[in-house]
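Both complexes below contain chain A, partnered by chain B and then by chain C.
Up next, the complex of A and B:
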């Protein structure tokens, strides 16, 4: 009896000591610039929650850079607004004997930003009109097609200056995929990608570049991530979605758009969503993780792999609480569930550590 | 022959022309300096030098945020770059100037000029392949190597021209009293060319200290202090030019301000190193 008591005491002390001397862990990730503010905010809070034990270092190097460094295995997780294509997925499978998971971590929504003197937020557009503007067929703000959607606003006789991204961009990918879905002419002539051959308009680098040109050019019309328009107080338009409802960009409408039947690997584009109250120009931002974590050279111990999984779980659950204040929509339940299914598959040398941690 | 008066007149015209040109060159410099200081001054605070950056929410929630890890990181990476590039740079310069007949010199000169003209981002990629890939992680060391590639050709060139300016008679004098060639170079030529060497080194340092591109895929960046002290060398490290860029393109007003403040710090670091090196040379001369 006394023996067991002593043992218990020793165990308690040992446990206390092991937490006191627990190794500090650095989780390193990189990729898309769009979710960087959110992920760094998550990192900050997670660090506080773990008493400084786990530091998540996320650097924004762009979606392309994120995919690239994920493949080079210099980072523990990547981040991208355009999901991994089949070619890369196959290559990873050949190299590591496991899958590369795309786990949705947040939602990107793209809004129409504009600068029309005397006109505030809330000019209504539909897909057809936007495609015609970006094809150069609608040239004036008081064009009858725009005016027809905005009976209560008097639009001026002003030339439209289309502003688009000059760099490869996940935002462009989402925006052009929307135009492709709503306009056959756009689909035939231009299509969608992280950068396309724009028929009209001026290019600007980055979200901030587009915002800058829009703010300084009367008559300008561009596209920005919602967070950016919100934080910089740029006027943005409302969109008529597939169901015919006029949607003011907001977080619920974005989450709603993503609340659809997701494939197991979550690799899906859901612009022009069928959801009745969903905002039509939105997409996931994915976190990239190897199924066989030990195969990623950037992860040097099982301990690091476990901490990465714990952070991942926290980020898709409690961490989502940070989203809205920063201008991001929360993940819909469907995406969280799919993420959990993928996390259960994560392994370290065959041991199912994802399942063990998630339970 | 022209009259004396017309010569004076011409002299004055040229003098005015030179002054105007000097002012024209200096105006943009002072506009840049002034603008940076005006924009960033309000963001200079104690927190900037004592706290980590963290996330943009820190400012929104009134928590302190700063660049202490960036300032230390810049010092660490730059010092590593200096330690790596100086021996090689001065060595190459000595080779070019003191052993002009060596068969390898024409190749060395061409390679050095090529390296000098190569875009800095490629030097970053080179360091990525040489250091980051084999080590399996981004590191301050690889950033130092990348910046050393930036500094090396400038130091080599400057060393060569500084040593070339020393008359051959001094070398001959040294050899005449029986000194070996390496001793002549080490004890007479290099000390005599010291001012030129330090100037070349400063130009190289200032150029490297302002480079962001080679660091993106090498020292990588960090929002926090490394968790262990070895992290400064073997882990991702933040540096001022790269952080400045990231702050500037962020959508947050407070981060824009911190970007300006980072620019002030970077300018101050470069100016201070110039002043220190100048002082160092002058001090030795007076002895």
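Up next, the complex of A and C:
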């Protein structure tokens, strides 16, 4: 008799444990490598906040992979540094009867890094000069167009070695979209994408590759994400933005760049921003989510969909607190508002669960 | 007692030790062998299939000879610059490595005392075992600045003053480029040629050497007349293995070649190879035609490796020494 009692108790405990286990949820995402450190840190903190109940599993497989896996519905959310093009948006609409949302999750900023012996941080550039350097038209550091912007610095008679990313990257996407906006010649000949047909220069792999070449080549000029330049103490330049203000790269100026009149779907490239104090070479990294969550085969239950939404909301609000320590700029209010508007439209079998959770 | 023994002998061995075991062994070897053939074919077919969009759009020859690689505006892709890069760096590395590799082999197998040849052989094998990304990092931080400052810039300045016609061939002396990549490849493939050549030298029959010595040959003449001709097959096999390695080498090359996707390539200036463009652009290739073009480059790389391997097999068969007879 005593034994059966014990066994019953054990059974109850086992049952309780198994339901607790069943409630554990794994939110699976994949995509761009640039935001991976941030998303991983967010995942860690979120797991602690939920007492280990929700695990966010993010695989950094690249933007292209993120978009493809999102289309194939093997992940709950995708992550990309290039927003979905109209073709994919239409395809998703046809397939799921709802939109594919691009929600900004963080900001990438790109700075000009260089190595000129005897010259420290703070050489000033404008869009025209940078486009001419990357087109190979300005070849020397003491070119009169660069010198004109830097009257107080004596620039040497040294060849400029242009350094660009050899691997496809969101950094390149942002950088070339900036050059496209400021130079007609660049727009006609080269254009912008995650990798382009560079007219001059040396290609190096990854942020670390570009930084490496810049650091050990006198006369080199490249572009890096701001956090990377900061971390490795590489000299970086200041840029004159559209409003004519000289901007020293910093996280506030980057956030400010996106604090503009954003379209409803946030699919915008805001390099050469109209914001007066905004840093001109910055862009969003987007999280990709289906409007009709039940249509995504990777999400198996309403419960999972709700947990995904909760994580999303946390990531664009409290989660942003992790940004600057890790080298990312915080989302501006304009972007958070648009995100919330999109979250309110998320549905599960027609039920507006986004609205319900966000209130 | 004896009755018992007869009994034991009369019991037939279990089936596993008889025909069944033989059969199982034969079947498993057969299956494993076929897995290799099947995998190779499957790889070729899937590469072709994945890259077929690009190949049909630009044509088999059109893609092969296309010189443009523009993933932003025109979306036109062609593999020619990468084929030029792969062929010139790997043949260059082969040419540079051949004499030193054979010389190292001659020294270790013929001249060096036993203890020294052991040390050299181990060190050579060690180079072969260093991961290519480590060689790449060493290249970025040590070799590139060194070669730029001590070779490229002086040569470039010399040519500016004395042979201006040469400068377009030399290109920009920035350290990252075709020559740096070729030299690094040379260092990486020497061990393969050396190891196989040493083995081939050691397999030369004693009689062969003795015969040459009996004719009054000096040590060098013995090597030249008896040892090297006899081991031609092994030397060629090592060379071809090295070439295959050079063609497929990815990481170190991508880190050092400078990654420029348009012809013309110059000696000091940046270039790129088939393997390097794939590793560079694969992850973030967003557009479909870009991705399929990279797959197609992979397919052509597969074809080139196949051709090299078949050529190697043919050469080896033709020049290999059989039955102790140097032809």
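FYI, the second predicted complex is superposed on the first by the 337 of 359 C-alpha atoms of A that agree within 3 Å, B and C clash if a C-alpha of one lies under 4 Å from a C-alpha of the other, contacts with A are read in each partner's own complex, and residues count from 1 in each chain.
Throughout what follows, contacts are C-beta pairs under 8 Å (C-beta built on N, C-alpha and C of every residue); 3 or more make two chains touch, one makes a residue touch a chain.
Bear in mind the structure is a predicted one, so any value in this text is a computation, not a measurement.
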Overlay on chain A: chain C relative to chain B, clash or fit: clash
Touching partner for A:61 - first (chain B), second (chain C), both, neither: both
Which superposed partner A:30 touches (first chain B, second chain C, both, neither): first
First (chain B), second (chain C), both or neither touched by A:43: first
Which superposed partner A:82 touches (first chain B, second chain C, both, neither): second
First, second, both or neither for A:231, with chain B first and chain C second: first
Touched partner set for A:73, first chain B, second chain C, both or neither: first
Touched partner set for A:204, first chain B, second chain C, both or neither: second
Residue range of chain C overlapping chain B upon superposition on chain A, of 60-68, 114-122 or 312-320: 114-122
Chain B and chain C footprints on chain A, overlapping residues: 33, 61
Contact set on chain A toward chain C in their complex: 33, 61-65, 67, 80-82, 159, 161, 166-170, 176, 189-198, 201-205, 209, 212-213, 216-217
Sites on chain A touched by chain B in the complex: 24-26, 28, 30, 33, 36-37, 40-44, 47, 55, 57-61, 69, 72-75, 206-208, 211, 227-228, 231-232, 297-298, 300, 322, 325-326
Chain B residues touching chain A - in the complex, by the definition given at the top: 54-58, 60, 132-133, 136-138, 216-217, 220-224, 226-228, 231, 235-236, 246, 249-252
Footprint of chain A on chain C - complex, ascending: 68-73, 140-141, 144-145, 148, 172, 174-177, 254-255, 258-262, 270, 272, 276, 279-287, 291
